[in-house]
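Consider the two complexes below, in which chain A is the common component and chain B and chain C are the respective partners.
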Partner chain A sequence: MNLMGRSPMKNNRLRSIYTVPYTVWILLFVLAPIALIVYYSFFDLTGNFTLANYRNFFTSVYLTLTISSFWYAFLITFFSLLIAYPTAYFLTKTKHKQLWLLLIIIPSWINLLLKTYAFIGLMGLYGPLNAFLEVIGIGKQQILFTDFSFVFVSVYIFIPFMILPIFNALDKLNPALIDAARDLGANGWTTFKRVIWPLTLNGVKSGVQVVFIPALSLFMITRLIAGNKVITLGTAIEQQFLVTQNWGMGSTIAVFLILFMFIIMLFTTGKERGATGNGKNRKAS
Partner chain B sequence: MKSIYQAAILILVVSGALLFLNAELNEGSKSGKNTITVYNWGEYIDPDLIKQFEEETGIKVIYETFDSNEAMMGKIEQGGTSYDITVPSEYMVEMMAEKNLLLPIDYSKVPNIKNIDPYFMDLPFDLGNKYSLPYFWGTVGIAYNPTLLEGQTFESWDNLWDPSLKQRVILVDSARETVGMSLNSLGYSLNSTDLDELREATDKLKSLSPNVKAVIGDEVTQLMVNNEAAVSLTWSGQAADMMYENEDIDYVVPEEGSNLWFDNIVIPRTAKNIDGAHAFINFMLDPEVAAQNADYVGYSTPNLTALNLMDPEVVEDERFYPDEETRSHLEVYKNLGLELLGVYNELFLEFKMDMR
Partner chain C sequence: MERIGKLPKLYLAVVFIILYAPIFYLIFYSFNSGGGMTNFESFTWEHYAAVFEDKRLIVIVLNTIIIALLSALVSTAIGVMGALAIYFMRNQGMKNAVLSLNNILMVSPDVIIGASFLILFTMIGVKLGFASVLISHIAFSIPIVVIMVLPKLSEMNPTLIDAALDLGATRKDVMTRVILPFIQPGIFAGFFLALTYSLDDFAVTFFVTGNGFSTLSVEIYSMARTGISLTINALSGIIFVVTVALVLGYYALNRKMKAPLTGVKK
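Presenting the complex of A and B:
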């Protein structure tokens, strides 16, 4: 009796000790900052309680800003996915896949600002890209400070983050399932549509999450590469905090950004239905 | 698993060694105890002068830099580092004085104040120079490269709207400068608080969109030097930097008027070595020191005695040392308060969103 009673209690106590670092971390670095942002969003410049910041957000400037942020984040995610999926698929078919994967990941170790400045040089009027265009007869183009340059550089920066989860999902995919589909008469497209894509959807979803959400709040690239012709929610927050010193309005935009992120998370984290939970792999796990 | 432990131990050992080394090095620089911490804009002093100051006074200088008035004030407000000297722009002097972040200057310890041009003393942002003394001054205008343009000149701000400049004008990513330029072009004050005037200026700015190549910050210097850009709205000192590296570039302040700005040397409330700070201010106002500094930095010095020691070609250059007649068209920024600063920035944001 004594023995039976003590053991689970001890276990419980041990377990609660293990959760201490996690709980402290979440409280201090996740919940407290969010609570502070929400708190600040209810104050105006003079420190009075107000709902005006929220009313302001629904004026034309910030609504247009939100829509355009979403549009560019969508474009960036779409093109990243378009390039990342075939790349990841190809990687799983290569002999030294870990090495190839590493080669794709390595550029993401280099400082973002450094890479961005490199693009200013590459895309400039006298840069190599324009020199190439001139050689093939198209002639000099204004590449820097356009929508194209912005989406291009952003996609370049985000691609490793899109490839990784998709690669993992594809790598876990049991090849026997593809063989089975082909044996049962499915052609290449149907196999992809009915077998490969649904089984790797979770990888795609996590990829979309790690690209779309940061893309919504990109701010440095908007100035350096797009010359402020593209404005995102991140730009507006930076400006409210650093220039206007209107912490209330900055926090309000941040609150909406957090809300949008929650909505995106809801859409992109469906039930466990992907490769790991299916077929043969289930037994293994 | 073993290799993870090894790696972890290695990282700990290296970090520990670096920490120790860092502490040792800092110890060395503080040996004399008598130090001052100077917080200045980047590239805003001749480093040789710091050495000279240390040799003459025996006071060690710890030098740190910032890149925006707001960021600087943030650090002073937090008070983590005991800065003894900093260099805010005029509207920021006013704001910091309001927030009680500045210490008054004791003029008995700054005899070299006699060298400063009286024109730059006792200005509205700090009447009686209670807290601040001018360090450098300059204007906002247009830097342009005639070799890339087909004879376009810039007597007036309206020249920026010329159809021949399609996609060639670079604006500065700062609301007061850009909206202010549009206000000036309409003949209004760049300290306008009239919402109708501001609206009109924003609409006029929007009509400039087809000509705007980009709205960026300091990166503009490199673009102009490399002939990537032909025209830019910029500060006189930045234009001087461009002209130093690319002789084709010219600088002009359009006749409707523009902004006259001052960066000022002040003693923030965080100061620990107040005597040292006064010694530093007095040293920087010495005519020979000021002349050498102005020569190195490229901005205009308010030190009248120093002007006599400088290259007459520089001092007589109307572009950087405009005469009093021209200066009378120029306006100093007033601290408009956070409310209106917000309005300026929101209108500027509206313009930026409209650019596509």
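Presenting the complex of A and C:
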């Protein structure tokens, strides 16, 4: 016997009270927006039905844009993972690991814009980074407004989001398994490759998901840090919607971004979502 | 457990320094009496004074806080209802479908959310400004509340509800005296995350805000586009202190709230 079992009439009324607002939310803010994006992608600037936006998307300009956007997202994800995995691993080995984790997460709570803004100063022509380069004899470089600065700042922003799910996966790993591998004669690398990595793969996948998808759609960092050197899918959408006011073309790019998002989710959704339970998981832009 | 060696320690230290350096760099120069973020001339509070004298900025800060509190409150209410609705669904397939729908806004890039909401608001005639920003923030915060509350619900032993009903509790009693107190930590976590989502959001707000209305993130963006202004640095000093206090307070509260509940779990 449970809550459903008794007086179904009253129960239904109660249920509808809390089902209605949530259902309305799903219809209005989850389904309708996607439908509207798809709908708008079939219209040109003057409001006529057209397939031209799609034809445009497959021209060289947009294809290059998509490929370069993917390339940058790949670089950002790769370097985030490269730095985050050892960090998460060593963190689980520290004495007060929850405290250290909290300390590493705190920067991710600081407003994203402020962190990005800091790099405008840090990487500026007279900033500390260039001063350092001058001291070691390389001399002043134009760091800001290059694709290097874009990837660097993005990796900086995303590292905590990558650390979190990997830390959770590593933390759940039964240490007896590692001991067993060692006892059975596996060396450090084999233990990592055959035991630790496969068992934390779900954490890595969630990490890749929370980094790769936002990295495809960054537009604030591209504008502030990369000048106009880097154009991502996100920058293109923002450009079409807010500058050129060509909502049709913007929607078409958005349709493809949504498609890419679903494909990436298919590949990166593990059985267990470890990323959501332990703090902030907000995508950046 | 094996002890952590020297090299790993060094590695962690470097990661920590890199993560914190930009923030402390900003705060350090907020005390610079010179104009920029390069030469530290002498110590001054003038940029902090400038923040508090700037009426426009104060209004924007207040707007940001009001939007965050209101959106967190409303989204927590709707999110809790949504979690209950999902929890009481008997059809497993339906449950999974709704959960996937719930997660769409969590993974969609902000640009997509912003652009699609812009179309939506224009179509149904919501004026861009306070209302559109508030509604968007409510909308994108609901799924995280659901995600935070659902595990608490499934942790709850269903016999608790039966016991309460057998002892003569009405459905309203069951809700307010059994279910809600049990899932309270989840509700609290959801509210807190909704708050930070709203405070942190830039992209969605950027799309749906009109000309007259601005939040802190959007304002910092337009200030940063015109170059360096130490008022932003002073602002980040204040924000850093508030953020750290909030996070630590949240963790302390969380720990405190979890404690009495463990007695009920099993």
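By our rule, the second predicted complex is superposed on the first by the 245 of 285 C-alpha atoms of A that agree within 3 Å, B and C clash if a C-alpha of one lies under 4 Å from a C-alpha of the other, contacts with A are read in each partner's own complex, and residues count from 1 in each chain.
We adopt the following convention: a contact is a pair of C-beta atoms (placed from the backbone, for glycine too) under 8 Å apart; a residue touches a chain by one contact, two chains touch by 3 or more.
Because the structure is predicted, anything quoted here is derived from the model rather than measured.
**Student:** Tell me the contact category for A:Q141 with respect to chain B and chain C: first, second, both or neither.
**Tutor:** neither
**Student:** Specify the partner with more touching residues on chain A, choosing between chain B and chain C.
**Tutor:** When the residues of chain A touched by each partner are counted, C comes out ahead.
**Student:** Counting only touches as set out at the top, which of chain B and chain C does A:L224 meet: first, second, both, neither?
**Tutor:** both
**Student:** After the superposition on A, what does A:Y126 contact: first (chain B), second (chain C), both or neither?
**Tutor:** both
**Student:** Would you check which partner chain A:T50 touches, where first means chain B only, second means chain C only, and both and neither mean what they say?
**Tutor:** A:T50 sits against neither chain B nor chain C.
**Student:** After superposition on the shared chain, which partner residues are touched by A:V243: those of chain B (first), chain C (second), both, or neither?
**Tutor:** first
**Student:** Look at A:I110 in the shared chain and tell me whether it touches chain B only, chain C only, both, or neither; answer first, second, both or neither.
**Tutor:** Once the two structures are laid over each other on A, A:I110 reaches chain C alone.
**Student:** According to the stated criteria, A:N174 is in contact with first (chain B), second (chain C), both, or neither; which is it?
**Tutor:** After superposing on A, A:N174 lies clear of both chain B and chain C.
**Student:** Have a look at where A:L65 lands relative to chain B and chain C in the superposition and call it first, second, both or neither.
**Tutor:** first
**Student:** List the residues of chain A that touch chain B in one complex and chain C in the other.
**Tutor:** Shared contact residues on chain A: 120, 124, 126, 223-224, 242.
**Student:** Can you list the chain A residues touching chain B in their complex?
**Tutor:** It comes out as residues 45, 61, 64-65, 68, 120, 124-126, 142, 144-145, 147, 223-224, 226-231, 236, 239, 242-246, 249.
**Student:** In the complex, go through chain B and note every residue touching chain A.
**Tutor:** 68, 70-71, 167, 170, 173-175, 213-217, 219, 223, 226-228, 338-339, 341-342, 345-346, 349-350, 352-353, 355-356
**Student:** Applying the document's contact rule, which stretches of chain A touch chain C when the two form their complex?
**Tutor:** The contact residues of chain A facing chain C are 1-4, 6, 10-11, 14-15, 17-19, 21-23, 25-26, 28-34, 36-37, 40, 83, 86-87, 90-91, 93-94, 100, 102-107, 109-122, 124, 126-128, 156, 159-160, 175, 209, 213-214, 216-217, 219-220, 223-224, 233-234, 237-238, 241-242, 247, 250-251, 254, 257-258, 261, 265, 276-277, 280-283, 285.
**Student:** Taking the touch rule as given, give the residues of chain C at its contact with chain A in the complex, in rising order.
**Tutor:** Of all residues in chain C, those touching chain A are 1-4, 8-9, 11-12, 15-16, 18-23, 25-26, 29, 36-38, 77-82, 84-85, 88, 90, 98, 101-102, 104-120, 123, 139-140, 142, 144, 146-148, 151, 158, 161-162, 165, 171, 174, 193, 196-197, 199-200, 202-203, 206-207, 216-217, 220-221, 224-225, 228, 232, 235-236, 239-240, 243-244, 246-247, 251.
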